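Chain lettering (A, B, C and D) follows the sequence in which the chains are written, and residue indices restart at 1 in each chain.
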Amino acid sequence: MENTYNPMELMITIAARNLEDGAMVVVGTGVPVAAAMLAQMTQSPNLTILFEAGGIAPLLPTMPISVGDSRTTHKGLKATSMAEIMELCQAGIVDYCFLGGAQIDKYGNLNSTLIGDNYEKPKTRFPGSGGANDLASLCWKTMVVTPQNKKRFANKVDFVTTPGFIEGGTSRVDAGLPANTGPYKVITDIGVYGYHPDSKAMMLLSLHPGKTIDDVKANAEFEVIIPDNYETTVEPSELELKLLREKVDPSGVIIGRG
Amino acid sequence: MENTYNPMELMITIAARNLEDGAMVVVGTGVPVAAAMLAQMTQSPNLTILFEAGGIAPLLPTMPISVGDSRTTHKGLKATSMAEIMELCQAGIVDYCFLGGAQIDKYGNLNSTLIGDNYEKPKTRFPGSGGANDLASLCWKTMVVTPQNKKRFANKVDFVTTPGFIEGGTSRVDAGLPANTGPYKVITDIGVYGYHPDSKAMMLLSLHPGKTIDDVKANAEFEVIIPDNYETTVEPSELELKLLREKVDPSGVIIGRG
Amino acid sequence: MSDKQLKKGIGELFTSPNADDMRAFLKDKSKQMKNKLSSVSEAIDQFVKDGDYLAIGGFGGVRIPTALIHEIIRKEIKNLGFAGHVSTHDCQLLSAGKSFNRCDAAYIVGLEARGLSKNSRRMFESGNVKVTEWTNGALSWRFKAAAMGLPYLPSRTMLGTDTFKRSAAIEVECPFTQQKMAALPALYPDVAMIHVHRADVHGNCQIDGILVADDDIAKASKRVIITTEKIISNEEIRREPSKTVIPYWCVDAVIEMPYGSYPGNMPGEYFSDEEHLADWLKAEKDEMQLEEFIGHHILSSKDFYEYLEKNGGMNKMRKLMQAEHLY
Amino acid sequence: MSDKQLKKGIGELFTSPNADDMRAFLKDKSKQMKNKLSSVSEAIDQFVKDGDYLAIGGFGGVRIPTALIHEIIRKEIKNLGFAGHVSTHDCQLLSAGKSFNRCDAAYIVGLEARGLSKNSRRMFESGNVKVTEWTNGALSWRFKAAAMGLPYLPSRTMLGTDTFKRSAAIEVECPFTQQKMAALPALYPDVAMIHVHRADVHGNCQIDGILVADDDIAKASKRVIITTEKIISNEEIRREPSKTVIPYWCVDAVIEMPYGSYPGNMPGEYFSDEEHLADWLKAEKDEMQLEEFIGHHILSSKDFYEYLEKNGGMNKMRKLMQAEHLY
């Protein structure tokens, strides 16, 4: 029997599969925490979840509404400060972080600060970095989960809030960021993307069932590298969907967004 | 009735009188903690005592044997780390510290590291700075309590473990140490010394009863400034001696040393 | 020193990072452990003035000193600076009061998963607010630098981004490894406002759960106002010295303010009032409507108790306590 | 950059302060939360080898991992480096075993108010030990730099002294205020040995009273061996997340070792055995006598329990527990 699922359910499932057992991940509210919870219920019971406000390894009773609310330390292993979480990332302990943003460019640089070209009087002001710049600078691998369209997949982001591979090549390390860190995957409603090992430009890894290369191209302002050997995304299993709908997000707060 | 007292009792009493109510002081074991306890029992009930290992404002049940032992946090206001105590000093919160040493020079520089002229193979190795260099660098006023003799009051200390006024004048601030900090008083078995406001050289403030200027000179290798208007040390009161002997050090561990 | 080009952020530095200035201030400040009980109104009168730079404890919608922020709006204190260190409902409140004209921004104008504050955005899009860009880590470390008595801390964040460019950070080289680092200037606020679980009358404070940056903020700030769910005795503080997060000498005023984090979450005590926070976002869509909303909830309330009553009083608080304990 | 002359300490740097090296090590290290129960003998075999650089938790005679240090002597591990961060009885033990050949010294060869260790002094006066000079604050901050993932921290200590000259610190200028600072290189030990009050089998640890530097040391070190008065369940750890000082991922081995800090003090549990510590100082006066003393107490004891028995066993422990509670 084929499963039916919506794009949000697919993206969360793919994100969850990327979190191997024994790894450490800093998550935000919404998709990231849903993915981490699903991973813990499937292949990664020993996935350690951290929240940037200070919560470490809670037994999450329900999805938090804030990365600092009391759910994030519920039966946790440690409750600490934001500085300590960022220091753990800076020390090289944390494998993954999850980020989003209003815009992403082909090197994985993210904008969550503003739209417009006048910093002093922006057309649209967004929250800013929050912890995003820190996490993307300091964790080993940055994953981005985002719906894909031409506005979001931008040739040039209006403001580089958060570093990806900067200008590609070695420019990230040249800027002083820790070696061997950087963007890892971008999970959208169309496909999953990685980065070319040398140029560090975004590259298709797998296409979701029913999606086409034309969809990829039509929904990115920049040229996405399309290698010969990209894959087709494995659909969510019955078990994954069941857990996601019944245990992770029973009230449909996240997956209800479609 | 005249009181009899030994030099140790006199030095502790003088030290205690220098700690005004509401002040904060970092103390070590022995004379400093005895002085701080006596001050709390006399003019300074709200003297806050800190121990460099992490104990803050204990209700001391008895004199600690280590600056890190459990007495130092007995009913304390906070139990923390050594880094945090040093950071409080660095932030400018702490008024006084008490130090000793094998040698002191006329600018109040202290040696507690070694005797000899070969660092690699010292004639005598002492513990080193411990927290002394930090406290003398970072607290506002450094007090030294020490028996006085020609060896200890040295022309040149074998090793500047802990900064006094370095080479006098403005050299302490020039070295980068925080403004308006430095040696404050030296309390010996002969007298109490301060420092000349400009040259920063050691200067007699008061002579203990029965001691002479000749005693000062005979027990210092360097020339101590003798101003016209030095005072005579006020002797310990009956109450001070009673508290010291019955409450602070009832088993005579410190005052028994003479 | 190598020939690497070292960069400088062009953002404005709103506060002096000079550790010697703060040392001089603290030298003269009384550290007497006296009774500091006060009221919301008195404390704001005494310790917050036009133009001050504020640091607000907690995490935007978690353990925030709501009563104190309301009072700032009621007293129409203006031209404040503040640290947007995950500033969510607090940013929304200060925007509603048009209380500030400059901000060190790490996270502003949003309420996390709840959405964006339309009115906070109006404020920041007006061109009337000076903004310097940072990150959560950077602001945490800027407070920590100040708490440690340092003028700066090195970090490995912000490098290579516009966030750095619009910050006031300066690139330095590690003198040992020649690695490029972002030097972050210490942040010494004029006033900190922090809500805690328990405090004694002297200001020794206990906090349950995450600290966010409040231990550092208390040490970094020239003046500190504490609201607390509960006043406890000094004996109780002394029973568990390891639990004291903020020590008395940092604190200028202590106010007992039960439910003081409402409508925010108070870990272990009560959950956030999501309905009321949603009403806030709704009211912000229209400036007239917002004015009415603030008039009703804040300006016409004589104190925080009246605000609590208007939002359901004891019965509502009971429900939020139940929500916190997951039943 | 002004024209101030910036100085460099001439002391040797025994460990690399490069944060990227430690990052690479930690990237590959397993962070699985597994059962790490071990024995003193196994843990030392597995995690400490000739030439390693050691950090020892506690405060010299307070909350020290005595059993682990005894095992290092029994197994004749040599050429160690160590951080003399108030190293008192631990320094005395390592000197008795002639276990080290280099030391970052802040406080060594003394036992605070108890006097100086004649044998430790012999070791340090022999010319066979390389020493680099620091202060308690400096070593605390060197550990903290490492725990923070930084290659250095600036500080305002040591400036203008021979302590600085014989350190490996480097003067830098604050890029904001041009104040002269002492840059302290991060200290990343090979192995940390820490004694705690309670730990679960995964290595989540609770410590009562002062931490000294042990939270930072655990994070700074490549490998961490924990001895604990008591093993508790993971559920108990999760009951009070704020009490977890060392988290599991730092830890490689956990050993239940009641009275593990003997003859040192264990805050809240038992006081130090001052008689035995006095016997140590006495035995050190004569090298022959010391050999006999070590032979009896350490070398001929098959484990730490036997050492405890030789020193009065349960009855002595009971007395030290009474002394701790002041009756």
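Here is the rule we go by: a contact is a pair of C-beta atoms (placed from the backbone, for glycine too) under 8 Å apart; a residue touches a chain by one contact, two chains touch by 3 or more.
The structure presented is a predicted model; accordingly, all values stated were derived computationally and were not measured.
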Chain A and chain C, separation of their C-alpha mean positions in angstrom: 28
Distance between the centres, which are taken as Cα means, of chain B and chain A, whole angstrom: 57
Computed distance of Cα centres, chain D from chain A, in Å: 40
Contacts with 2+ other chains: residues of chain D: 19-20, 149-150, 155-156, 179, 181, 209, 241-242
For chain B, residues contacting two or more additional chains: 55, 73, 79, 89-90, 138, 178
Overall pattern in which the protein chains touch one another (line/ring/star/complete/other): other
Listing of all chain pairs that touch each other, if any do: A-C, A-D, B-C, B-D, C-D
Chain D - residues contacting chain C, complex: 13, 17-20, 149-156, 170, 172, 174-177, 179, 181, 183, 185, 208-209, 241-243
Chain B residues touching chain D - in the complex, by the definition given at the top: 28-30, 52-55, 61-62, 65-70, 72-73, 79-83, 86, 89-90, 109, 113, 119-134, 137-138, 159-163, 166, 171-172, 175-178
Of all residues in chain C, those that touch chain B in their complex: 19-20, 22-27, 30-33, 146-150, 204, 219, 237-239, 241-242, 244, 247-249
Contact set on chain B toward chain C in their complex: 21-24, 46, 48, 55-56, 58-59, 73, 75-79, 87-93, 138, 140, 178-180
Residues of chain D defined as touching chain B within the complex: 58-62, 84-86, 88, 105-110, 112-114, 116, 121, 124-127, 131, 133-138, 140-141, 143-144, 155-163, 166, 171, 179-182, 209-213, 215-216, 265, 267-268, 271-272, 274, 324, 326
